[in-house]
Amino acid sequence: MARSISRRSFLKAGAAVAATSVLAGCQPGLRRWVTLEPYVVAPEEQPDGIPTWYASVCRGCPAGCGIMARVMNGRAVKIEGNPEHPLNAGKLCANGQAGLQILYNPDRLDAPLLTAKRGSREFARLPWDSALSTLAAKVKDAGSAVAIVLGPTTSGHLVDLFQRLAKALGAPAPLVFDARSSWSGTAALSAANQALWGQGALSAYDLGGSDVIYSFGADFLGAGLSPTRYGIEYGRFRSQPKGARGYLVQFEPHMSITAAKADQWVPIAPGTEGLVAQAIARIIADEGLGTSDRIARAAALAGEINLASAAQAAGVDVQQLRQLAQVFAEAQRPLAIPGNGQSGAAGVTAAQALNAIAGGAGMALQGNPPAPALVRAEPAGYGQVQHLIGQMGSGAVKALLTYGTNLAYELPAQAGFLDALDKVGFVATFSPFMDEMGANSDMVLAERTYLESWGYAVVAPDFGVAAVTSQQPVVQPLNDARSAGDVLLAMAKQIPSAAGAFTWSDEVAFLREVAGGLPAGAAGGTGADAQWARFLQHGGWWPASAPASQPTPPPSASAPISVAAPQYQGDATIYPFHLHVFASPLLGISGANLPWLQGSPDPLTSMCWQTWVAINPATARKLGVQKSDVVRVTTPYGELEAPVYAYPAVRPDTIAVPLGQGHTDLGRYAQGRGASPLALLGGDAGPDGEPAWATVRCQVTPTGRSVNMATFEWTPGVEQGFFNQGYPGE
Amino acid sequence: MELNTHKWTMVIDQDRCTGCSACVIACHAENNVPIVDENQVWRGRGMHWIRIERYWEPDGQYVKARLLPVLCQQCDSAPCEPVCPVFATYHSERQNLNVQVYNRCVGTRYCSNNDPYKVRYFNFFPPQWDEPLNQQLNPDVTVRSAGVMEKCSFCVQRIARAEQAALAEGRQLDPSEVVPACVQTCPPSALLFGDLNDPNSQIASVLAGSKGRQYRLLEDLGTQPSVYYLKGGETNVGA
Amino acid sequence: MLEHELGHQPAWEQPLPQEPRTREQVEQFKEKKLLLDVREPGYMDDIVMRPAYTASPRLWIGFLLAGLGLVVLGATWLWQMVGGIGIYGIARPVMWSIYIVNFVYFIGIGHAGTFISAAFRAMKIQFRAPISRPAELLTVFGLTAAGLFPLIHLGRSWKAYFLIPYPNARQIWPSFHSPLVWDLMAISTYLSCSALFAYLSLLPDLAMARDRETRPGWRKRLYEITSLGFRGTQQEWHLHTVAMDVFTYAIIPVMFSVHTIVSWDFAMAIQPGWHSTVFGPYFVVGALFSGAAAVILILMIIRKYMHLEYFIRSEHMNGMAMFLLILSFTWAYFYFNDYLVPWYGQDPAEKVLSFQFARGPFPANVLWYLLLICNLALPWGLLWNRKWRTSPLVLTIVGISVNVGMYIERVLIITISLGVNQMPYDWGVYRLQLPEVLITTGAFCLVIFLFFLFSRFFPIIPVWEVKEGQEMHRLRQIGRAVVDTRVE
Amino acid sequence: MRSVIRSPFFRRVFIAVVVTVLVLAAAAASYISRTQAAPQQPIPFPHALMVQAGVQCTFCHTTATESPSPGMPSVEKCMGCHKMIATTQPAIIQLAAYWQNKQPIQWARIYQLPRFVQFPHDVHVNAGLNCERCHGDVGHMTVTHQVNNMNMGWCLACHEQQPNAKQLMDCVICHH
């Protein structure tokens, strides 16, 4: 792409300075002339030195926020939230802001790669046409034995195309899964709503209008379902009319930023969120707290429970539970926000039941997409993943296609994914980076990043306003990578059985057809072309006026919900501690290759670039370790080594380790840095198909080594600085 | 035309701040702030024009976390200004900003010593962006060289752009046209920005309505910061 | 050779008195007091000029090492400019450290030199005569080294000229609000004053060297040019004395102001541990203290290695040692003061600071106690009796210990204090790195090198002052007693 | 003293110093003069011809009035006219070659401000300054050369004159 050199653009001056050293030779006189290199054909839409804004979608997480990319002289220099967008109203979270480093990441792939020996990490570059033919041949051979796994951030049209491919081949429908969706409890939440309301959809919570919120281990301000929107909601929650600021209670063994902002943080034992929720519901029923219909619903929904044992299991006293129950029952608009259900889906259901008991005000169930043709990546439960792994292991899967998910890294080693992978004949991965999945594939198809490609996202959870976010390239593709959509279309044409199902010339044609089904929205425009243009220009589709929020239907659940006490994995005598694995708000699970996210301090520990083991100072003293001493954390399933961060806001009997580091691939910023707690988790699902990752016990042994810990804070200063004077100067 | 003078001011509502750090990344993207590698962070050379400071307050067996976003306070009487021997940092009277002129800075680092908020960051090494990360750099902001001090500028480049647009149209700058990157992205709107010289601006009303919660960082030093903090509130229900 | 017996033959040819007790007293006097121990002409000239003409292999090795140190200094500085100043151990918030420590230290030792020579001259203190030149040289060379450091510590040394007020089209000047600019002014003033002062007092000796040099050649020319044709006429001596007096009285207030201004670099900042009104006098006394110790050290060294036992006698050691002891007392008072006031104020940050000094963490506490030993314990313990005061070994030990102590003191003030401020989240520590070690060594080498260089060309002892003194002093017999008298 | 100045040694030193100074001065002068030579452009571009043909500056430098940077015409733009006009000229044939191979032309830039200066063209043009005010009488230049060495003093000297511009002499206006 031809570069225009403008004075303001020091970058190109930089390039030119380099150039001049060459050019100086052929210039008269001694002065080195900087070269000025205008376009061959100037792009109409980008006047020199004037920023152009393109609306698109953020793929940092599945929420589907609208973004505006500021493009100057052909370069995307900044991402902002799309102010018109109903979901994020011009706001954006850290992950969204960091998107530019996905686009301009130095470790991007620029050509399809093929390896002779899977896992050898020795790849040969292919020309696209031969890559396509190879892929087509493999897929054709596999036929109905093709398995497809997608990430939750996959664009709707790709999900659609993959589904059509699977259908054409007679293969099982694509599976959507990644660790983030599991940690934000997407599948568990849908399941719970299915159980309670008969609608297997996500639900969103209007914090702004609520006075009491109980969050059962949901870090909705951090790496949750829709961080940006919940951030906005939290802002409204804290400044309500007449100075009311709501009351937030967080039940969680380790203080997340949500717990940090809560008015009351109840550090319960890991895996007991559900018990506490049920106990509260039960108390409401038994002690007749709140309005009569709440009591009635509570009586119907809350199964029998032994308060004393529940309280004891959770590590809170019954009196406190009573108080909490009373506060909840007597609140005007109470809300319960369920966690990720990694100790069993029943827990999530129990939490949701509290909303049902409260009357469901302030809770919105996800509606259907505004156009029938629109598709959304619905994350699957862990059970289905296990099933797939089983299939692979049994050799029933001949070809595996993955897009936008890094299963090789994001599943616990115990899940046996890699072993099962060996049984699969052919593995192809669509990815802009050489991640662990790619490294364990036969073929890696260099994918464009979301800022260079087309698509759409159905906003989920939508907060009562159904919306679709449009996705368009904001810059010229940086390299020869191709969008999966076009690759699929081209490939399918070479597969007789599928060719008929893929008639579109390219993905944009397909997109236009799909988006054509949208009714008139806020963007307006008459006629297909105008509508399409407005769709892209305004960053998506949403109703011209926000619909009145329809009340949540009364629960259709038949049986009362009762949560089993958590079955901890590991012998308490050998493994004295609980293990709490969490996603840090900045790094999340997949951000390890973005320097901005790596290099910026975690808000609560100020750690950069590293994995840390959060241990309560009292416990650390008992173990004889202190900050930056390296410890070995061992569970029945595996072990890792990482430095200690003495974290005063974690239960003394709990060890917390963040996700996101410990990559063996994924480029220079991620590789060989820190450790991944996924190594500590078991592969088996709990009783009801959810991963049992919150109920693992562990043991901690000092290694005697210690490292330089990259904390941005000066820990001694914070500890012995101004002896608990709150903010300096306040 | 007599150009308006401004009193750019920021209000930080600690009750709303969730510590999500979106502001931190937004600032890095907008202002070409280099990322510092692990070892240098350990040495205490991390660079974030806006940072979220976390203080613990004892609370029974555990602690309460207090989140405090700290950026350059743009003081009316800034301690860092008079000590600079070359006017590399000085007070812009018309914008009422504390300005850092990178190309004038010789790197005595005196300003940082005398800066009670420690919001000035020094380029210990030539900043590095692996190709093609450098293509993201914002052309409106100078990339600092090694050996110069840098700090939050309230996104003065945005102010400049807006003012140039206004000048080109021969009108006064409307303060509501300007918003720094951190404020623009902050999901809970914990950060607010505006011109106090404009009586009916949003922040003017917010400040008027929150007298009880207001304080300014280390105000007792008499630095007269342009950043106002609103204390986190307490809700005690039942318990 | 008693005054009344004085005939027409010169002093050194006079026989000693016959009467035994008188004779004994006279001999004692001659042995004790330099100014009474008159020798035949050229005797002193030979001693002082010997190093200029004869060089032992030891000297050449010394030259080599010192020169090497200089090369290392330059190389390291270059490395720092190319690689970025990050190779130096500073961090946020400890933005200043060893380089500024060196700056203050060398200014400090530079201070005493001229002050001692000037003040002693003003107060007509007898034993000053042979001491004054080494002291003045120490000032000039010390300041030279000190002047390097503000440049070395800059993030962009090559832009240092921004600090110089020169008219330019950009319409910008240095900011005269900044203590650093005051520093620049003060130090350049002080350097030029002391350089002139030193040169002025060198003039007659240069003339002596010129007349002494018989062979034509570069040396002869060198002395010809540098001595500005000083012939020692009545007129010239008169002008010379006047000039010396002017400088003598001018330089004392300059010295006080300069080190006060240096202290303002710190006192003017709101940094806890710095922001204190006592810093001015505290720094001045500290400077004199370390400076006096440095002078003593130099004296001991040249006495031994340049064989100047004739010039530097017990009376000089005793005098200097007493001076040092008094300074040590004064410094102790100010030090106490400097900690009492913040402690009384109970400012949280400063509380933490003094806490650190007393109890750590390492290295603050170790350094602090080491400092007390070097600056108080040793001098007070060793200098209280005359016998020890006049022993070169003891004086060398004390000289070194006080210099170490005062160096540590600056390390504490700068690197430790900066680590503690009003924002506990942003405290930090300074971690020593190789470059500053190399550069500091280089700086000491620079001073040593300059001394070597000087000794190869010019007299290190002001012979003319000694002669002048000897001219003034006479022994006079009153009754049976023999007394030392001086004529003004 | 006088004897010293008279001494042959001193005289020799004096002469040596004088000679070296003179030599250095001469070298510097020649260097500077040679740096002032206009660069050789890949295609000889006579602004004069264009202007005499009635082409306005903003016809090629289109964004001068609306953008901080005036913009350089794309090869396409040049060809827009030169498909028809003066196609036989050697320079135009060169140009056509660039267009054929879709190659950008690497002009040597005449005016270059340091990277730490943010200069908006639009504001200045809209404030009523014509291009010649800064770029010299380009309309009569066959070989474009630098007229003003655009250093800070030069900017300020002009800003001091106008009352409006006088308000815009704050460092941060250009340095941020």
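Things worth noting here:
Labels for the chains are A, B, C and D, by order of writing; each one numbers its residues from 1.
The criterion applied here is as follows: contacts are C-beta pairs under 8 Å (C-beta built on N, C-alpha and C of every residue); 3 or more make two chains touch, one makes a residue touch a chain.
All values derive from a computational prediction rather than experimental measurement.
A simple rule picks the central chain: find each chain's mean C-alpha point, then take the one closest to the mean of all protein C-alpha atoms, which gives B. Relative to chain B, the most remote chain by averaged C-alpha coordinates is C.
Here the CA centre of chain B is 47 Å from the CA centre of chain C.
A straight line joining the Cα centres of chain A and chain B is 29 Å long. Look at where the CA atoms of chain B average out and do the same for chain D: the two points lie 37 Å apart. Between chain A and chain C, the centres computed from C-alpha atoms are 68 Å apart.
Residue positions of chain A touching 2 or more other chains: 6, 8-10, 14, 713-714, 718, 728-729.
For chain D, residues that reach two or more other chains under the stated contact definition are 66, 68, 115, 118. Within chain C, the positions touching two or more other chains are listed as 422-426, 428. By the touch criterion stated above, chain D contacts chain B in their complex at residues 66, 68, 114-116, 118, 120, 122-123, 126-127, 164, 167-168, 170-173, 175-176.
Interface residues of chain A facing chain B in the complex, by the touch rule stated above, are 6, 8-11, 14, 72-73, 75-81, 88, 90-94, 96-98, 100-101, 103-106, 212, 221-222, 227-232, 234-235, 238-239, 245-247, 255, 257-258, 260-261, 263-265, 267, 320, 323-324, 326-327, 478, 585-586, 595-601, 603-606, 608-610, 648-649, 668, 708-714, 718, 724, 726-730.
Contact residues on chain A toward chain D in their complex (touch as defined above): 2-10, 13-14, 16, 19, 23, 26-31, 33-42, 47-50.
Across the complex, chain A is touched by residues 13, 15-16, 18-22, 24-26, 28-30, 35-39, 41-42, 44, 46, 48, 51-58, 62-63, 65-68, 130-140, 142-143, 181, 184-190, 215-221, 229, 231, 233-239 of chain B. Contact residues on chain C toward chain D in their complex (touch as defined above): 168-171, 221, 224-225, 228-229.
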